[in-house]
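Below, chain A partners chain B and then partners chain C, in two separate complexes.
Showing the complex of A and B:
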């Protein structure tokens, strides 16, 4: 590359000008093709969501008989689909309002617990000296690759039968009923989130300046104090990133919820109900379109308003187990 | 309006309990961690006072008890990982050698079943197809778009559009795309975009999700749609991290954009490219929600994760479900080894 420097840069004033003009024209043409291609991709990526969104505001018989693109020639707007899918009395209508609350109740503790536990663990692994530290870290890191399918069957039986080893009960059966089942879901989500959470926070924490830590130690600050007053504020962006990840993961999860929350309207989240509606009432598009948007809107708001943190977190540790 | 808040109150009570538990556990842990060093400081002070009073030599400062502290910091995480992940994973491996009710040992029967049954063979082939297609297509798409919008006007907005599907649940995405693939009879207006396009080009509408193997490909499109945004963001950051002087030097050398891409951009972002492909491959191996919501695994579209759920939680075949889970795990391992080897190689080069 360096040996084949073209003479353009050292040519006479005249040829120089001409070649840059040609280059500029070519550049503009290239950038125009690039722009068109980018717009095409962006449109293809956006249109499916847009179509669903438009449809959710059309009257039922219109959705079922004409394409959503007819909305622009024959606009008819209604909020009835949302009313029906959220609060409808009919058992088949969705009744998503209750499931929405379930999603919320599942998500909040499932985000808080792993962040708290993982930040404690990540601090110890990054800044405390003890024997076997590297091995513990490698162990937690490696757990990221264990698919959660590996844990589902036994974990469910732990909850229903407890854990006992050689006749000694290590954990009694949980025997939950009704709304108490939420605890099971929180527990499962917390366990499954920890390897990635520790990994991500360790990445951030180990990059803090060593001088800062040593200065604090010399001043006589204890580890808990350093953790609370120095480290936590400094890694706040990482905590935010992890919070968004975990929020999206839990809110959007179907598998863990199906197994640990069950299908009842007391504990099942939106995703479970939507999957059920899609299965049994796959052509009730007025409900599916509105229902899908009810489930999408919260993560979309969180995501769009906190995108900066999300991207930063993504770049710091892009392996989710 | 038919919404009874009284029905919801037990749930909200439960949430309150959850938050109280959080405050007690985490707060308690922090208080404990504060109390322990204070206790040791006081004891040492007392020792010093006692020593100076009796004229004995001052006791040597004991080593800071980092190990003890670390134990407290790590305890919740390690305990939860053991109960929630390590022990269950080991049990799953054991269960995979037992029968459906987890009572009797059956040796390798479950694995033999996996490779003998035609239906399961189809499942394995589908999974293979997914794992090849999704990383390839999503990474290509993400890279192409990242290059196209790099330094363009409105770059942030343009990226958000592609990135947005990442925020949408797989279930939501599956419904969005089922609507695109929707079918109505030939003499009726189409409501699905894909059939509308086919019809307006003079073709006949089809029931897209019923025809194997095309239906698997159409489900793969959904996953690509979601994952391309992830690839785009990571690769775009890698492109921006290429040192400006290299790009400038190449430009002075008069390379075309095409050469620039193949000779400068691509080699520079190789590490990021590998991370993206590996991450998407692992996510694809475990794909479950999309298949379940669109076809429920019917019409020859099932994949390992879906079959594992069916065997273990619908048919009560714990042994066969566990064998599928173990197989999934085994499939992840070579991908991870590949990545670790790559990381080592990079470190040696730099």
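Showing the complex of A and C:
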């Protein structure tokens, strides 16, 4: 298509097929100006990250004295920063390799638990009839308004002091030690993720065609059967989307980890280590460049490998059988 | 089928990378394991630790803002103590110490001991009854080893909460001995000499001073040190105390005098900002980088604490005959004594179990101070600290100043004030002041924020 013709041709083609709003938007966004604008925005957004990336390969004195763009006029390449943050032998360098596993141990259950619970809850709220269902749903929806910062101290007290009411102990203190602290982090992340996860999955599930459920019922399927064989596969894109969100959030989380995992090398995730990497007075900040890229790798892989779920149509072909 | 197979491949990929990384992690991560290992408890090298024994197998957790290489050295410094007493000390350092500690204390998850660098924060815990008074032994040990000037900062309402540990001296001006020698400049010992020297250097075409107060969310703190140093120099220590406790308003004329005196250097286009630009560049220069032009001959003097020794580019020799060194920031009237501004952390207990008190007492002792000093890069006001154990020249100078009888020590004022002022409006006010706001308006603003 040349630039002079598009409005007319796109218009007629669209009316011939289907004049949907999406198609119109797509047509408009296909113009050259929009493309250029998109590229400009992408470049502007990427430049800081690119600068950080270039910096991570520059020697320490270079990073500290000149800007990253000097790399092109005076290229000095080193992998020392990566060597330092990943495999440094003394605790004063990064040893990020050791914290990687902590991040995984924290992140994987913190993604799976809320998705598992939320999908069950969302199914019940969307397709099972019980009294007060709407109120429960509104209650969960309303919980999203509570900022998690408000819950930090009470939740910490819940773990370390337990719960007692009028002198009666309802739940004893957890008294966790060392690696057991992971349980606290999982618990905290799961709690904080559930309201949004239930809300999101409920919206997806309630959009599924009623015919499908009724057909399954007629064939004698029970709720667990419907949930497993019909609902779960159909909401897979939603689960993946939620999984990506939750993964990125937990992987990048510093606040919850600091409070519930602590800073010991047994439980602290990458983010906690990154925050300390620059040293007591921030004089080793050249390590942050490489450290940031080490911690970016995993979210990048997760995002790129699951991103097509974002794009995939939700109900592609499900009703036609 | 493809629909199901691909995500699994992706998961397998992620998993494989995780495994590969964790495998390498096992090779590098080494954890110290010395619990219950006190076989040599009766030996000669354990003799100094006899009075702390009897807590074998107990654990004590310590929380502080010390991290990285300094944290390694801490662990190393009490290794012998752990071996001899069987007490296992777990130290955790965090950059968010000041924000995290109150959260942990409120949530019932406080550490056993915390090294608190702000007496203002210590006071907050004391007022809420969250910290425990120091035991009689700790108190006796602290009174024996530390000057009274220091101990009053960890005493709240007559109760003593803990001894100081490390210290730093802030009244230092960094310079290049080489540059001074080549130009025949001499180290000034009075304020007038300092100004005269600044003029000489400015006339020679080099800007005499460089400064930088950018420090992320703490931007402004290096300037507050300037003001505190000049409060101590233009006023008496008593007025300084009244200022930090708000007995005189923040916009008192005497504070304005100190601020204006600092302005004669910091806001003087003739003097600053060597290697960076004009006065305003002070606000945007990172404090870590601010002194570096000295090594490039673009700036002659930089007022910053003793810990700045670690900020020089690697390979810079810090010594009286080296590339950089520091001299004492001179007093205006030397006859009134040597005012010294400094900081330090206090060992405060959130728990009064006997093993916690034993560690608290030990950390106040001369044995500990010497054990830590031997490892390097550490200063303390502990008067049992042997100068021979302090290797680093700048640390040696700091210890000499701290142990000098004519020194009048005062703690960093912004750490004594309530956090909203000392770590809030005072910092921000200094940035505005550097950016051109006049003294009266800035002080008025800070005073208004102190409720």
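What to note about this one:
Just so we're on the same page, the second predicted complex is superposed on the first by the 255 of 321 C-alpha atoms of A that agree within 3 Å, B and C clash if a C-alpha of one lies under 4 Å from a C-alpha of the other, contacts with A are read in each partner's own complex, and residues count from 1 in each chain.
Convention: a residue touches a chain if its C-beta (ideal position, glycine included) is under 8 Å from a C-beta of that chain, and two chains touch if they have at least 3 such contacts.
It should be emphasised that the depicted structure is a prediction, and the values quoted were computed from it without experimental measurement.
In the three-chain model built by superposing on chain A, chain B clashes with chain C. Touch criterion met: A:153 reaches chain B and chain C at once. Once chain A of one complex is fitted onto chain A of the other, the partner contacts of A:41 are limited to chain B, with no touch recorded for chain C.
In the superposed model, A:240 lies in contact with chain C only, and not with chain B.
In the superposition on chain A, A:64 contacts both chain B and chain C. In the superposed model, A:264 makes contact with chain C only, not with chain B.
Of the two partner chains placed by the overlay, chain B and chain C both lie in contact with A:98.
One of chain B and chain C touches more residues of chain A, and that partner is B. Once chain A of one complex is fitted onto chain A of the other, the partner contacts of A:32 are absent, as it touches neither chain B nor chain C.
In the superposition on chain A, contact is made by A:275 with both chain B and chain C. The superposed model places chain C right into chain B at 312-320; the other stretches listed in 150-158, 276-284 or 312-320 stay free of clashes. Judged by the document's definition of touching, chain A residues 64-65, 86-89, 97-98, 101, 104, 152-155, 258-259, 266, 275, 278-279, 282, 285, 302 lie at the interface with chain B and also at the interface with chain C. Considering their complex, residues 7, 10, 13-14, 17-18, 21-22, 24-25, 28-29, 31, 65-72, 90, 92-96, 100, 103-104, 106-109, 215-216, 288-289, 292, 307, 310-311, 313-314 of chain C touch chain A.
Within the complex formed with chain C, the residues of chain A that make contact are 60-61, 64-65, 86-92, 95, 97-101, 104, 152-157, 159-161, 240, 258-259, 262-266, 272, 275-285, 297-298, 301-302, 305-306. On the chain A side of its complex with chain B, the touching residues are 1-2, 4-6, 8-9, 30-31, 34-35, 37-38, 41-42, 45-49, 51-52, 55, 63-69, 86-89, 97-98, 101-102, 104-105, 108-109, 112-113, 116-118, 120-121, 123-125, 128-131, 133, 136, 140, 143, 145-155, 158, 163, 171, 178-180, 182-183, 186-188, 190-192, 194-195, 198, 222-225, 227-228, 248, 251-255, 258-259, 266-267, 271, 274-275, 278-279, 282, 285, 288-289, 291-292, 295-296, 299-300, 302-304, 307, 311, 314-315, 318-321. Within the complex, the chain B residues that touch chain A are 1-3, 7-8, 10-15, 18-19, 21-22, 26, 29-30, 33-34, 37, 66-67, 69-70, 73-74, 76-78, 80-81, 83-89, 91-92, 95, 141, 144-145, 148-149, 152, 158, 160-172, 174-180, 182, 188-193, 196, 225, 228, 230, 233-234, 237, 249-250, 252-255, 257, 263, 275-276, 278-279, 282-283, 285-286, 288-289, 292-294, 296, 305, 308-309, 312-313, 318, 321-322, 324-326, 328-329, 332-333, 336.
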